[in-house]
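Notes to accompany the following structure.
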Amino acid sequence: MSRTGANRRRLVFGTGVIVLAVLLPLYAGEYTVTTFTRIIYFGFLALSVGMLVGQAGMVSLTQTAFFGLSGYVIGLLGTERGMPFPLRDLIAIGAVLITALVFGLIAMRTHQIVFLMITLAFGQICWAFAQQNTSLLHGWAGIRGIRPPTILGVNFGRTSNFYWAALFIIAIGIYTLRRLIHSPFGLALNGIRENPRRMSALGYPVYWIRVASFLVAALYAGVGGILAAYSTGIVTPTTMQLSRTIWVLLTVILGGASYFWGPIVGTIIAVWLDVLISQGTARYNTVIGFIFLMTVLFLPGGVLSIAEFFRDRANNPLLDRIFRLKSGEKNK
Amino acid sequence: MYTKFLILILNGLTQAAIFFVLGSGLTLAFGLMRVMNLSHGAFYLLGGYIGYSVVHATHNWPLALVAGSLSIALLGFLFERTMLVRVRGGDLPETLLTIALSMIIADVSLAIWGGHPLTLNLPAYLNPPIRILGITYPGFRFILMGLSVLIAFSLWLILYRTKLGASVRAGVDDRETASALGVNVDKIYSFVFALSALLVGVAGVLGGSYLQLSPGSDTTILTYSLVIIILGGMGSLLGTVVSSLILGQLLSFGLAYAPQYSYFLIFVPMGVVLAIRPQGLFGRQV
Amino acid sequence: MESVRGTGTEEHSSKDALVLTSITKSFGGVRAVSSATLTVPVGERHALIGPNGAGKTTLFNIVTGELAADSGKIEILGIDITRSSVRERAKLGLGRTYQISQVFTNLTVEESLFLAAAAEQTMQFLNPWRKSAKVVNLAHEAAEQVHLTSYLQRRVSELSHGAQRQLEVGMAIAMRPRLIMLDEPAAGLSPFERLSLTKLIKSLPRSVTLILIEHDMDMVLDTADRITVLQHGAVIAEGIPAEIRTNQKVQEIYLGNFYA
Amino acid sequence: MRSLIKKLSVSLAASLVILTNVQAADDQLKVGFISAFTGVFSSFGQQQKEGAVLALEEANYTVAGKKVDVVYEDDQLDNEQAVTKAKKLVVQDKIDILTGLVSGDEGLSVGDYMKDKNIPVIPMYSASEDMTMRAFYPMIVRATWTGAQSMDVFGYWLAKVKGWKKIYAIGQDYSYPYNQGGGFKRGFFRGGGTEVTTVWHPVGTTSDFSSIIASIPTDQSYNAVLYNGSGGDAVNFVKQYVELGMLKKIPLIGQSNTFEKPDVESMPEDVVGSLSPHHTADDLATPAWTKFKNAYQKRWGHDPSAASEFAYSSMRLILRAIEARKGDVSDKAALVTAMTHVDMSDDPRGPVSLDPQFHSAIENVYIREVAKDDKGQLYNKGLWTVKNVGQFGPYDPQLYLKQPSDSGSYPPDQRSALPPDMLQAGSEYQYVPFGQ
Amino acid sequence: MEVSDLHTYYGKSHVLQGCTVTVEQGCVAVLGRNGMGKTTLLRSVMGLTPPRSGSVQWRGEEISRKKPFAIASMGIGYVPQGRRLFPSLSVEEHLTLTYRPKRTANQWTPQRVYDIFPELAQRRKLSGSRLSGGEQQMLAMGRALVTNPSLILLDEPSEGLAPIAIERIVETCRELRKANISILLVEQNIHVAAAFAERIYVLLSGVTVYESGAKAFLENPDLRQKYLGL
């Protein structure tokens, strides 16, 4: 297979997908459009988790807290205090970044399973606060009535308009993330994933690079959270609860944590599974749990590794490596 | 004022008792296997439910305790043998497997036992109102405390006074060398995981008797368990004792003085400890 | 190897690349390094030898900052770095290799070398790394020096042990260090690979100071200007190769016949 | 990359196939049913479904020659999920009517989303009064209750008839207990009570209430402790209240759901005699209730509860309105008007009529006490009936609507802090002995 | 024991590339410089790093696919490089943990270990990690001995030890020889090897390149120079 041939095919497919995605509201039902909007905002969240897991080798369970946090800020400032469109959104992003900085400074002192635990704890702290604070965040009830803005006469409250806006934003997000991952920064992140010890011996500020990556990931989760708040119109503590966090992590694994497109593919599959299975049976949690169980056992590299498997029969060590997060493997 | 304080402290101790039973199993399994068993909460719920069914059918509470805990031990054992063993050594897949399992257990329990809150009925002889120091306090809560001390003591005996316990500790220290010296680490793993499940099954029956069981309590219980072992230091039995005592009192007094923030409060010591000493109060560096 | 990391030698005008003053380090009850004192002038090729467990690697780790000494003082190029972080030391131009390869298993050779060469660059967030032509060139130069040019696109995990050792050295070189510390670079290399490694070491410009831990005495004798012998964490002899070769004590503990 | 694209297009195509076949046929009606079938309040969701199914089965799932198709969605009592599911029902299933809804916030959230959808929303158990007051819009028809409705009657009775002055209230921290507590305070203060000390605790995360219970001052002459919560929390609270010997010191009373079946069956016998108000009582002996109870018993094997009755009654209302419209559901406004005119005088819980302005129920309130039946099961025994209570109770609607929405901090704990005109509402409740 | 044509990988790196060693009665030493795969050889035999191909025969039985604990229970004792004691076990627990009684007159019991290493007896209750280097090595050997093995794998026992401690170890090994326990020794210090080994193998880049009687090798400086660079 010649390289240019592959490239051309890739171009054709890529263009095809983009065209299909952009034209979606024109040929698909409203519910499909809504579901794809959902895929987009969860996609942001999955990209956030996926970047940390796949590129930096850090399994963070705080990301949904950032996702919820930005929604809360929008609700508090916009819906309840009437702050206008770009300002409240920028403040939401700012709040997410500041929180991520504080959490990151603490969490980045740890590694692997301890990091997982500490981020889980951070996530639970945010959730518990939202759940129990009734004076500001209305506890369990959350904040409702969040509406997308009308900009230059375009009403983003309309499903299709909002979809296009979200699609545009995630396109930028994906492009930027791709650039980032292929930049020296991204490479350094991979280096830290592979061997943090060597990276500091080479003179890299390992700690700060990890903190920076945490901020970037939080930014993605935050943007996703804003889109989600606008799309659902409501933000509640469940937005950041543990089961959501876990669902996202499983989604990333389902798609393939080590692939750039893994989180997106995983989200597409998982959201549709959710939609389809919950129609078919009341026991959809059992079915989804079972699917995840099987994925972890028999397809640890995720759905995208199927293709890899056929292309390269020899096992790809990267899958293994990222997936297993070898804890403290001794050097001898 | 004085009676209120006394009751609050007793409540804290009761909480601590159940916390210890919850945390000890999890921390043991983590210490040895590095498995963060996130189906711990679901095990709790299932153990309690099974106990409930037994009490319902036989009106025999002790039997329920045995049945609930043993069946969870068996479940844990089978899960370890058939699933966990396939992804041994990978922190993440092990954790994910337990998550998936917990989703399934919680959902299946819902299908079987429905959504009502259920309580295991205690026979009167197990829950006599006890009057001490001028207050009435449910007798079962004292039994709970006693049971938890008993469990702590037995665990200590097993771990520090038997060859089995020595194998477990050797496995925690250096599983490779232990196995090269003839310790069947796989067997030890299954044993510890089953023991951990047994303990949480006990906790489920106890919790289901003095509180209640309802869908959704699995995540609450899981969170409690995680906070207990993170605070105490993962893998440390002593740490679990200390953190259970701290959290028990904190929860008890928190509920009395700031009920709206009681649940949030239990994260505070954990956050502080994590920031200063990421391995927990009594944990070893991981 | 024209360019050398750092802004110029005049800034650090010390004539000694490394000065260790009574470094001591214990693990538990075991004293791994005891009161080791060592001076390596700029440009020297200095070898550290001694039996296994003599504390050579520990000493290396103390110099690079991965371990903190219990007491003693470390200076690189006249700057006291006893309290500096690993990274600060690297920034001063300290490059090292590891006894057990510390490589980026799932990166390619090119990426690994790029990372080594780019360490001092300011982090770029959105430019593709391949476009940093200058750094990529440095990486390629380093690859050539360690004979890995044809492996540039290969994943490190696919390399043989020998090639990974070469990459270790390559990464240290790509950093353009002023002081390079090699920890048993020849471990696990075939005789042929050893020869080419020796050649590589000899070809390093004299502006770079080199400290070497090695068991291969051929290589040590061939490359080192001076040799320090460690035993039980203490320096027991120091001198030019000829002296060491004939030193009675060294003969006994290292080459010789204390156990017959 | 290539495989990714393939997968993308396959999943896209699949979704299209799935999603194009949902357009309802002409002879079919679609009813969306959102409830909590999992999570803390799943028992209420389950009862709701049972009640609704009973009504549907009695009608054989047909009305005016059209088949009724009900799409059930589980929102796990998560308001965000509720909105997502509502969205799905509206855009994908193209429902004609939305019903279900257990909790107050769930109702408000879904109501907020449905506002501009021109689809009737029939909340079954969601009781937050704002839905039919401050957040009302004409597509909402609530033939069941508001949180304050029964509690105002209850509070007034306790103060006026029993002469109680001080109550210690512990409640779950969300909108439905706010509303129940609000109604209680208004009635209690109006009847002459002076103080309702209120403590809130978070929903579902507190399992050991003994510390909260220990904080109740036993020496400050509180007439009773009101547990203003329901579900698992209520079972826990009551059990521990009894175990700590508090019942001997201060009587326990409940809000409408505290002692509801089946939860009361898990409570210790000591609570016999505890008072609570609701729009049903387990020992109602009217022919309508008996018929319903027997049918329900037969179909589900256990007794109905208020939640199942409300669902049954709401579903019947929907069916009857469609019947009245001869199966035409295209004109939603007309359908809603038909609903408000449906005759509900034969409702199992007693005659119900709808307030034409706010589409809320005017119905009986029963004051009940927990009692033990001959099988040893606990149930709620009716004591007093107050007929024709509307959502504004005795107050002038204008005055009522001027007050802030009930919240954790409003109405105040002290009688003296309540606006005087609220204390001087015109009409009095007529307490009729139960069964007359 | 017969190890033939063993190939072992760490990930993709091919560490043992056809290693063949035979241990009959007696002591066999495997020499080689660092990084040549000596430790890997022992790990492969023990099943800790299972070989990808080749065979390990123990008393005629193939054991290369067995798990470490199974191999250990077949009478092979293992003294890992760097001792690797269990920090949370006391000296006594180390010995009782691995003690496997054998119905013979001269079986190894914890008591017998204390007899030959009296310094361990004094420190019974101490954690393994608080011993000196020499004592640690003694304990590591002791805990292998109480499994009553017929063959002991010794990985660099002299590493980091003072000469006096090395002497103790060497003496012990000589004792073992007398007690009919075979030893497969991996060493860098050829003098330790020379002290009691009967046969010598030299490992170069994962391949056994030389084999001879111990004397022949040690007395020939050219050979030493050639294979060990000494």
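In this document, chain identifiers A, B, C, D and E correspond to the written order of the chains, with residue numbering beginning at 1 in each.
Quick note on the criterion: a contact is a pair of C-beta atoms (placed from the backbone, for glycine too) under 8 Å apart; a residue touches a chain by one contact, two chains touch by 3 or more.
Computed from a prediction, not measured in an experiment: that's the story for all the values here.
Chain centres here are C-alpha means, and the one lying farthest from subunit A is E. The chain pair with more C-beta contacts between its two chains, of C-E and B-D, is B-D. A centroid comparison over C-alpha atoms places C as the chain most distant from subunit B.
Separating the centre of subunit A from that of subunit B, both taken as means of CA atoms, is a distance of 32 Å. Averaged Cα coordinates give subunit B a centre that lies 50 Å from the centre of subunit C. Annotation: 75 Å between the Cα-based centres of subunit C and subunit D. In subunit D, 37-38, 173, 200, 202, 204-205 are the positions where the chain touches two or more neighbouring chains simultaneously. In subunit C, the residues touching two or more other chains are 105, 157. In subunit A, the positions touching at least two other chains are 128, 131-132, 134, 282, 285, 317, 332.
Every residue of subunit B that touches subunit A in the complex is listed here, in rising order: 34, 36, 38, 83, 86-87, 89-93, 95-97, 99-104, 106-108, 111, 176, 219, 222-223, 226-227, 230, 234, 260-264, 267, 270-271, 274-275, 278-279, 286.
Subunit A makes touch with subunit B in their complex at residues 59, 106, 109-110, 112-114, 116-118, 120-122, 124-125, 128-129, 131-134, 241-243, 246, 249-250, 253, 282-283, 285-286, 288-290, 292-293, 296-297, 300, 323-328, 330. Here subunit B touches subunit D in the complex through residues 3-4, 7-8, 11-12, 14-15, 107, 110, 114-119, 127, 129, 135-138, 140, 207, 211-212, 214-217, 220, 251-257, 259-260, 262-263, going by the rule given at the top. Residue ranges on subunit E touching subunit C, taken from their complex, read 11-15, 33-37, 129-133, 156, 158-163, 166, 170, 188-189, 191-192, 194-195, 204-205, 229-230. Across the interface of their complex, subunit B is touched by residues 46-48, 67-69, 71-73, 77-78, 80, 84, 86-89, 93, 96-98, 100, 143-144, 147 of subunit E.
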